[in-house]
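Have a look at the structure below, then the notes.
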Amino acid sequence: MRISLGELAIRYGCDLDGDPDTAIDGVSSLTEAIPGKLSFLANPKLTPQLKATRASAVVLRAEDAQHAPCAALLADNPYATFARIAQELHPPPPVSPGIHAAAVVHETAHVTPTAEISAGAYIGERAVIGEHAYVGPGAVVGPACRLGDHSRLLANVTLVRAVAIGQRCLIHPGAVLGSDGFGNAMSEDGWVKVPQIGGVRIGDDVEIGANTTIDCGTLGDTIIEEGVRIDNLCHFAHNVRIGAHTAIAAQTGFAGSAIVGKRCLFAGQSGSVGHITICDDAIISGKGMITKSITKPGVYASSFPSEPAKKWNRLVANVRRIDTLFERVKALEKNDT
Amino acid sequence: MRISLGELAIRYGCDLDGDPDTAIDGVSSLTEAIPGKLSFLANPKLTPQLKATRASAVVLRAEDAQHAPCAALLADNPYATFARIAQELHPPPPVSPGIHAAAVVHETAHVTPTAEISAGAYIGERAVIGEHAYVGPGAVVGPACRLGDHSRLLANVTLVRAVAIGQRCLIHPGAVLGSDGFGNAMSEDGWVKVPQIGGVRIGDDVEIGANTTIDCGTLGDTIIEEGVRIDNLCHFAHNVRIGAHTAIAAQTGFAGSAIVGKRCLFAGQSGSVGHITICDDAIISGKGMITKSITKPGVYASSFPSEPAKKWNRLVANVRRIDTLFERVKALEKNDT
Amino acid sequence: MRISLGELAIRYGCDLDGDPDTAIDGVSSLTEAIPGKLSFLANPKLTPQLKATRASAVVLRAEDAQHAPCAALLADNPYATFARIAQELHPPPPVSPGIHAAAVVHETAHVTPTAEISAGAYIGERAVIGEHAYVGPGAVVGPACRLGDHSRLLANVTLVRAVAIGQRCLIHPGAVLGSDGFGNAMSEDGWVKVPQIGGVRIGDDVEIGANTTIDCGTLGDTIIEEGVRIDNLCHFAHNVRIGAHTAIAAQTGFAGSAIVGKRCLFAGQSGSVGHITICDDAIISGKGMITKSITKPGVYASSFPSEPAKKWNRLVANVRRIDTLFERVKALEKNDT
């Protein structure tokens, strides 16, 4: 894929500072770029890298253009504009319509003629695969699941049952959607399984990371709204609801019926108890644990940074006897009066 | 599936307060129920929802029956009774005996005629698949593994080698049982792998969540006793032993040779070091870290709840200089005497 | 496999204290060994177990030989020597060259004649499978991936795209390598995906645990150097680099562009933010969170051990009002002068 800077400027609404005939054939970082590549500057701290880049062009804000040693596409949001151009220059592999001879499609399933079903994939009863959708090798689409137009299930993904996925979604390998929620009632004979009969609904333009798991609802559905971005190895329990455009980094987990607002950010290894509500625009820092509802946007944290173990162990010992300190101060205050 | 309230009362040993001919065709929550559905009340706080429900019947304790606007099945443990009835009304999909043409079964494996082997499944050398057992699409049963009667391996599960699973177990998609334990000996040439030659034994009535991993033992077996419930993305290292009826929520992990008692509860993202023993009836709260043996039943915790970052950062800064506080108080006490 | 002690002594460079004709047919722990088995003593605390063992021979240091009730192989590093002998007595299953009839290999892929491709495996465009390499049932090797000589991908592993694996590597079931990094640019229309066009490079003699995920680089590669050992359910974000012979226990995660040195040890459930550098020989304890670069070898920690909840909750309450303590001490000091 080759495209001229002039064409890119028109398509992405940028002013161009440079030769419109310059051909671009890919993207790269400022430091690794070679001629023919497009790079970007979003963080002014990287201006020294900008000055030294060998890229043929960069996307940046107008005020940073003076430092570019090459052509520049001017954009208010250089990172987003760069991402859009990068998508054009490095598109996902094309979908090759058809069902591979080594795939198995149940007779009651409906696969549109423009969809691609790869070798070793299995499409179950009453499943529906949309236009231009892709099902990768070894992926399993269980009964009554729906995959929207232009959505992709990569290799070894499993949709268990009653999972409805919107359009233009991307589900990475090994992810499991629609597994039973963790519902058990204690009895004199041990745990009794509570049947999990709800489904999973995934909005449009959602991306779900490798080996992430999203359980079905116990009675209603587990819901991931449009535009949500989920990283690898995350867990979503039954009846969780994640608001539109929220982004969730790796190894984060949500217990049952946690309701999360729109445009929230969860850093890695964070988590939330169940049956709480988190408002829009909350940001949870790494390893953070949410134990009650959040009603105000802002940043929330609950973890300590690592220190040399000797220092940390002393800190822990001090924290553990902090109650003695309260008592001693109280005694001092008594004498002080 | 439709069944009368009178029949349910007889089968589940409940007193019935209402018309025994009322037909029930499914279960629902109090708030979402429509006529024909059965719901339940276990937590008296939800009495307002009970009063407003449109369900045809509810399972509840005798003392709560006065608030039911519909028929009532009276039970000492309404949640467990509801779960049992829900299982009857919403049974798992039936097992269709036979080996799919697109499955591969090794010539030395034994698959009982009543078992179902799905498309894309692989049954390896000397594996044994019990009566009415189910092996889902893409699931792999490695050499010398045994799957007990009525047990189910869902899609893309892997039993690596020497994994013995009891009866009526349910293993969710992507789970891996029998992977090598993490055993390495440091040498001058780097790590030397310690062969992991033990197996995995899973008792009857165990449920294991999606993408959970259970390693084989180094020499003996890794053991999960009967009735244990394990959620998604949990990790069990070599030679761990989990006692009967313990329940373990998502993303929890156990290091090698950790021995856990019966009826313990582990909340999400908790973990335990290896080579320790946890007694029966211990409860570990979310993100809790067990660093030494627990000998007394009860609740154990070690994590902080999230706070607004500004407040939290001040707290962290204060904790880090807590030693200065001890010194200052000591100095004050010296002067005080 | 049976081998004489005399032969083992010669092959592994040990002095032998006992009958060289003693036949050894396997390894075992000190407590579970029966005649014919070889065990080892590395930790002198287990000397009572050594004295009571029924093993035919043990590997141990010369100074511990006096306590052995059986033959002894003397070694400076008994655990590593035992591991090497155990590998010989319990070798991995042999590779049976050939492509199973139920495997699918793309016409542009290259599979060496000595490699084994199992049932249900898929080898994609331009992929290369090395000499004596093994691809397990249901494993997927995507476009432009390379698997080195003698390396093994176990069941249901996925190599997504542009993943290069060295020689003698072992990748456990369900692991995903080469999934897209988590790169998103916020725009007025929500997240814009930043295409992830880098690859993954895995050095020789690397072991990767079950259901672990390693993302491709955004532009350059994500790199795992030779001899690294990774446990189950770990996460490696885009452009992470892990130095040679580092070992990483289960459920640990690294955010984007984290650079980790050689011979580091990460205990379970630990994690690191991105864009930092950790020097060689750093040790991170369980649940530890690294938030900034580490420049000195040593042990680092940041988590609290669990305590009875009542005690812990009081501790948390005290920590949360620690600022009041600082104020009170300040007031006392003021009066004290």
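Letters A, B and C mark the chains as written, and numbering starts fresh at 1 in each.
Everything that follows uses one rule, which is that contacts are C-beta pairs under 8 Å (C-beta built on N, C-alpha and C of every residue); 3 or more make two chains touch, one makes a residue touch a chain.
Keep in mind it's a predicted model, so treat the numbers as computed, not measured.
Peer 1: Rounding to the nearest 5 degrees, give the angle of the rotation that lays the CA atoms of chain B over those of chain C.
Peer 2: The C-alpha superposition of chain B onto chain C needs 120 degrees.
Peer 1: Over half of interface residue numbers shared between chain A and chain B means same, under half means different, so which is it?
Peer 2: Mostly different residues form this interface, as fewer than half of the numbers used are common to both chains.
Peer 1: What is the distance in Å between the mean C-alpha positions of chain A and chain B?
Peer 2: Measuring from centre to centre gives 26 Å for this pair.
Peer 1: Multi-chain contacts only, two chains or more: what residues does chain A have there?
Peer 2: In chain A, 102, 120, 138, 156, 174, 211, 233, 251, 269, 287, 303-305, 307, 319, 322, 325, 329, 332, 336 touch at least two other chains.
Peer 1: Mind pulling up the chain A residues that touch chain B in the complex?
Peer 2: 102, 104, 120, 122, 124, 138, 140, 142-143, 156, 158, 160, 174, 176, 179-180, 182-188, 190-195, 197, 211, 213, 215, 218-220, 233, 235, 237, 251, 253, 255, 269, 271, 273, 284-285, 287-292, 296, 298-305, 307, 314-315, 318-319, 322, 325, 328-329, 332, 335-336
Peer 1: Show me the residue ranges of chain A that touch chain C in the complex, using the header's touch definition.
Peer 2: Interface residues on chain A, with respect to chain C: 26-29, 32, 77, 79-80, 82-84, 86-87, 89-90, 93, 100, 102, 118-120, 136-138, 154-156, 170, 172-174, 205, 207, 209-211, 226-227, 229, 231-233, 244-245, 247, 249-251, 268-269, 286-287, 303-310, 312-313, 316, 319-320, 322-323, 325-326, 329, 332-333, 336.
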